[in-house]
């Protein structure tokens, strides 16, 4: 299955990159305006037209896409107009930091969601369940922005315990492990917490449903300890939707990362996505989308594989 | 209620960490970085002092201007070196200006150098600019930073490494730029003006106002720009000082002459006095600003005294009544079947403009004119600017010509974002031409006075406020102050415009 | 005619559960199929009910060869065979009330209007009270559920019936009662019956004709009786 | 039908055993009802009473839907939340199964002191795990009892020692022992080792049945509730399972409550037979007497035996009453040839092992 | 006969459950009533700026206080709730219906249909949501319906995947065979036997989507793609109040925030009760 899926990634990538070019071309944003920034407000029309030619955005959509594609295949990803830098450099500098943040946050969300979900499902309607469920819906209603502010206020201002932004202390130039680790905590926490509700509620739902089924009755009758019944039986059959979520929440993770990276001045690639999108920076946008596509496809493949392992009744193909 | 130790700062007194809301797109002067001076990494031929007076920098002295006002000669300072050790010379100046003007260079502010016809080096240390037409404020443009030809000349201007790893003659050297996070500088020990006392300077990039305020409070930052309501929170903090920079940064409502309501002179005059500018300054800006009656702020020497307009709702109503605008059942006036109603656009995501637009609409309603606020991106607004009102902003302190010429001359009507209202007044056109041609300060002053008076009688725009920029900085250094700031305030604005001359406070 | 010829079927190709089975049944005829547990009876029953595609061999139903069906046999043929599955707990949709469970095939084939009357009639036949009809599968006993499953199998008046250990979880009296229901139905409609089971006495009495697994599976060594009264428990090739 | 051998010592049916050993289970007045919508009740079990002596096997027979499985579930506290119970079910040490809290039941009773072979075994296995993993898990969980008869368990690995090698070896050893124990348990129920790595949905009906039996036998509980343990099995396997259960019961004075419709199996195993009808125990008799002569005394029980294919193969006429609306008199009256007005108005009590006005 | 003492297991929660469901229903009723009745009745202008009454704490004249340009927050909250509920409910509904339909179809049909549907889902989820949102809004024009469309278009994807995976697991169950044998078409199998099985999962996604859509709307309007920022919607109100909160004014945040959360919790409570009823076992355990 993995092999076939890798093959089918090619048409998806083609479609996605073309889609991005097309959407960007149709979007109301003007790359020239974005490039010029405030200076554009005083520039003359002739000036802007010249800029349009220089940036190459006057050419037809398909031609631009084709050029991008052919040169990307030879390893040249083009130059980012907003970053004034080769796209390859932009990505090389940033993607690692984003991956680190997203991976930490995601792992935390999945683990915490599972643990809390099982605990809540154990006694649905109990105090723990009520509290955490209400919290989960509240979190889903609270933009990551608010969470970030709250976290900064509490952990940095109130407790003074954690740095509130950046990759390292603002005044320090060297990137050390300890520095990055302590700066990672808050953004990862906020991003993780913002992803938590889905995992928590799906695990809760799945486990609670499984607890009412015959297999759990059977497991209980055998004299298994409550913990085993919960983890080995109820969770094992109730976590299937959650496994799907692992793949399908990747786009949301990216969207969340985008906000969190901005608030915490985290020099990752997600923050560049908004900029690339609103300023219609074709090469950067396309490259970022390819990255995102990779992440999404990998996530979905992973969750399909996990699902297939977790539920032998499912015959996935393709 | 700042916690103890909040003003601790990031490190000792020779290190400064400040936060800005925006980040330069590029650090290459060739693409527009630092064009208004104070670029830290670079120097211009000239620079400005605290009073916005020009003074020599890479040039030895102010330029010699020919009698016809079309030739400017600069003699360069000797012995200046770029931070990589290479000497600075006239060819770098020529390279910089020529590259900017080249068609292939993606520098969106080329227009500002439109007057230049040629720029030539005369020997090692003289540069001569020849202009297409006499242009009095030209010297103000030469604060533009000079790039090294031996580095920038070898690369692609638009995307070369130089755009992110610049080398200049300035007081600081860039040590790191982590986009979206921060820019770090260290003092340039070989700077021609002497080595700065602040050895390390970091500019953190924090887009969100609230986050900036919170991080300032947490003690990670030494200073930050803040909106008035957040700066207020630091007012009682003894370890920090708030600096309010005077600005030319105005907010105005364009009244397009091509709209059937705003094109009516009576409506324009009524609106101009129906708005309560003082209330806006007090409430929207928490007092950090001044009422605006034109692009020139009331405390500028260029301001034409006596052009202030009082808030006078009754008179506004009378003007409308006299002009035949009669109030209807819902309180909105009509004239010849035309309802006194027009849309007002502001750029989405900009809270200050949003508030100004709402306040303007509410004032207008009291006079019987309905203003429908709408939000959009510039892309949405631009095609509508000819007939629909926009809440615009601008302001450039160096010379009155910078703002007013593009904003008010009829020939720029509809040219990009210049003269959005298609303002067309022959007297103003003539005065503006005079102002940029003449080198005589008295003549220029008279010309700009004329412009401001005409604006009072025939308002094409309703100027609302000039906005002070507020900065909160740890009180650890001497030598802080602010310049008069433009609308677009980047790295070079704020109390740290002259961080190179700061000295740690003696305890 | 229901004819299975040389059927090889299973769940993975290397070790089929059924190998080379032959079986034929004329209309009105009944056959009891006996065989050790796990030998493949249910699999064969599923093949006969056109629910499982054999890897090899042909199924002929009323003259239609239905081997070539790509995914699923055509509806008219599927509904010609009524099936009672071995495990009623798994074969009943947990969300349907017994009433709907029985009526479902009628609704699925667009005979919604007859549903109420037909369900009432069948419930009466298999002995399900109104109270039970309103419950869901987990609220009734296994035996009661099996009665509902029998009613469901009969509801479309199939020409063929496949009963896979229909009476395994029923007491003697209910067994006798349900067998009588099936036999009455067969007497009315002349349907053919394939009954799978373990109880030779019962099958003998029910069907008259019984076949042992060994007799219908031709191409492998006959299942020898186990070395010990109950020694090797499952028959593997 | 061949008469089956009996162990005379265990063939006592009365709950009151003078001076005898404490019964393994003593059930008194056990009733279960389900609360349904609109405040109605389904009375699944009514005032069941019986006792199980050590070494005794009691076969509970009765028409489908008469409450046998519900009775078993009630003893293990596995009823759904809308069920209500009354009466008592005391284990030998006096623990009341009906009153015990979930914690006690889960930690000390289920699997350990009372085992259950559920009806519909395939539905009671966790679908996403292999039979082996569920079996090994059960063995591990109930290790204390499971190891008794089987392989030795590796002692705790030496705590000291610089490298983790001994620890790892110990673990491997333990895993091997676990595997062996699981396979042995499977063997007891004739579950083929080759099918251990299958998932429940890949099992035939009979295989699933054997898996469930294997799982229930792991704990070697003093009381085993076997709900139809022989469905889906061929004759050989029925006999084998019956013998295994009987041996299991006889050894160490365990007790067996066998719920079955398979009268042949019941005859082979049981010392006592209890007949249930519409939620009540209507007859309780020694197996020899029940299956041989004089035969059953309750008309329903007689009808049940007559319905066997070996005999008349005629069902008891009529349909069982709905448990939601039981008649005031004898529940069987409507189907009984000998019923008279008394039967319809007064409910016969269970006296001398039978609840019938005419017996 | 001795008085019988009936014992139950875990039935004690019944009464508080009903209470909770009733409370949730009551909250929703009040909210819906407020949203439907108040704006047309109160002919007040929610945009009326009164700079003199800037940032006043809650009082009788302004029960929720005023915002930083002196607009009455109660009025704005009610208007905002109206907009946000509309966006949240409609977007969640549309996204869930599309997601369920596509997921169920892909899972039930399998084969090429499944593969193609899933690659389409992959493609759409890989394109940045923002860009898709921008596109939808651009094709129409900033306004309420484009926002709803843009949220719905970008949010059905995970529902589709969840539903498909569940369907794949369900379609191998023996009762599906039984249905097939009873003459059910694929469509009928999907609608009658598979979809009811995945409704709880889909319903959960729908509930989670409601608050998410509400603030997604405000993110779009921040970029100039949604409703104009001065137009009241709960998201806009909460976003706009951030600065005031740091400056010590709690009311502009608190009230819209509560209005965002309380209805969400009420809907979640009702949906939870509904999901319990979907599960046949829990349903009979909870017979009211």
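First chain written, first letter: the chains are A, B, C, D and E, and each begins at residue 1.
Keep in mind that, in the parts below, a residue touches a chain if its C-beta (ideal position, glycine included) is under 8 Å from a C-beta of that chain, and two chains touch if they have at least 3 such contacts.
By chain, UniProt protein names: C = ABC transporter ATP-binding protein; E = ABC transporter permease.
Only a predicted model underlies this, so the values are computations on that prediction, with no experimental measurement involved.
Q: Moving step by step between touching chains, how few steps can get you from subunit B to subunit C?
A: 2
Q: What is the touch distance from subunit C to subunit E (ABC transporter permease), in steps?
A: Shortest path length, in steps: 1.
Q: A-B versus A-D: which interface comes out with more C-beta contact pairs?
A: Taking the two pairs in turn, the one with more contacts turns out to be A-B.
Q: Taking each chain's centre as the mean of its CA atoms, how far is subunit B from subunit E (ABC transporter permease) in angstrom?
A: 45
Q: Between subunit A and subunit C, what is the separation of their C-alpha centroids in Å?
A: Taking the average C-alpha coordinate of subunit A and of subunit C, the gap between them is 51 Å.
Q: Any idea how many Å lie between the Cα centroids of subunit A and subunit E (ABC transporter permease)?
A: The answer is 21 Å.
Q: Could you state the distance in Å from the CA-based centre of subunit C to that of subunit D?
A: 28
Q: Considering subunit C alone, which of its residues make contact with at least two other chains?
A: Residues 87, 89-90, 138-139 of subunit C each touch two or more of the other chains.
Q: Residues touching two or more other chains, restricted to subunit E (ABC transporter permease): which are they?
A: Residues 172-173, 223, 242, 246, 281, 284-285 of subunit E (ABC transporter permease) touch two or more partner chains.
Q: What are the residues of subunit A that contact at least two other chains?
A: Subunit A, residues with two or more chain partners: 28-29, 145, 149, 214, 240, 311, 313.
Q: What chain-chain pairs meet the touch criterion?
A: All chain pairs meeting the touch criterion are A-B, A-D, A-E, B-E, C-D, C-E, D-E.
Q: Name, in rising order, each residue of subunit E (ABC transporter permease) that touches subunit B in their complex.
A: Contacts found on subunit E (ABC transporter permease): 47-52, 54, 68-70, 142, 221-225, 228-230, 240, 242-248.
Q: Quick one: in the complex, what on subunit D touches subunit A?
A: Interface residues on subunit D, with respect to subunit A: 76, 78, 106-107, 109-112, 115-116, 118, 120-121, 123-129, 134, 137-138, 141-142, 199, 201-202, 212, 215-216, 218-219.
Q: Under the touch definition given earlier, write down the residues of subunit C that touch subunit E (ABC transporter permease) in their complex.
A: 46, 49-51, 72, 75, 78-79, 81-83, 85, 87, 90-95, 104-105, 108-109, 136-139, 149, 152, 155-156
Q: Under the touch definition given earlier, write down the residues of subunit A that touch subunit B in their complex.
A: Interface residues on subunit A, with respect to subunit B: 28-30, 33, 35-45, 47-48, 50-51, 54-55, 79, 82-86, 90, 93-94, 145, 148-149, 152-153, 156-158, 160, 163-167, 169-171, 173, 261-263, 265-268, 271-272.
Q: Within their complex, state which residues of subunit B touch subunit E (ABC transporter permease).
A: Those in contact with subunit E (ABC transporter permease) are residues 209-210, 213-214, 227, 229-230, 232-233, 276, 279-280, 282-284, 347-349, 351, 354-355, 357-359, 361-362, 373-377, 380.
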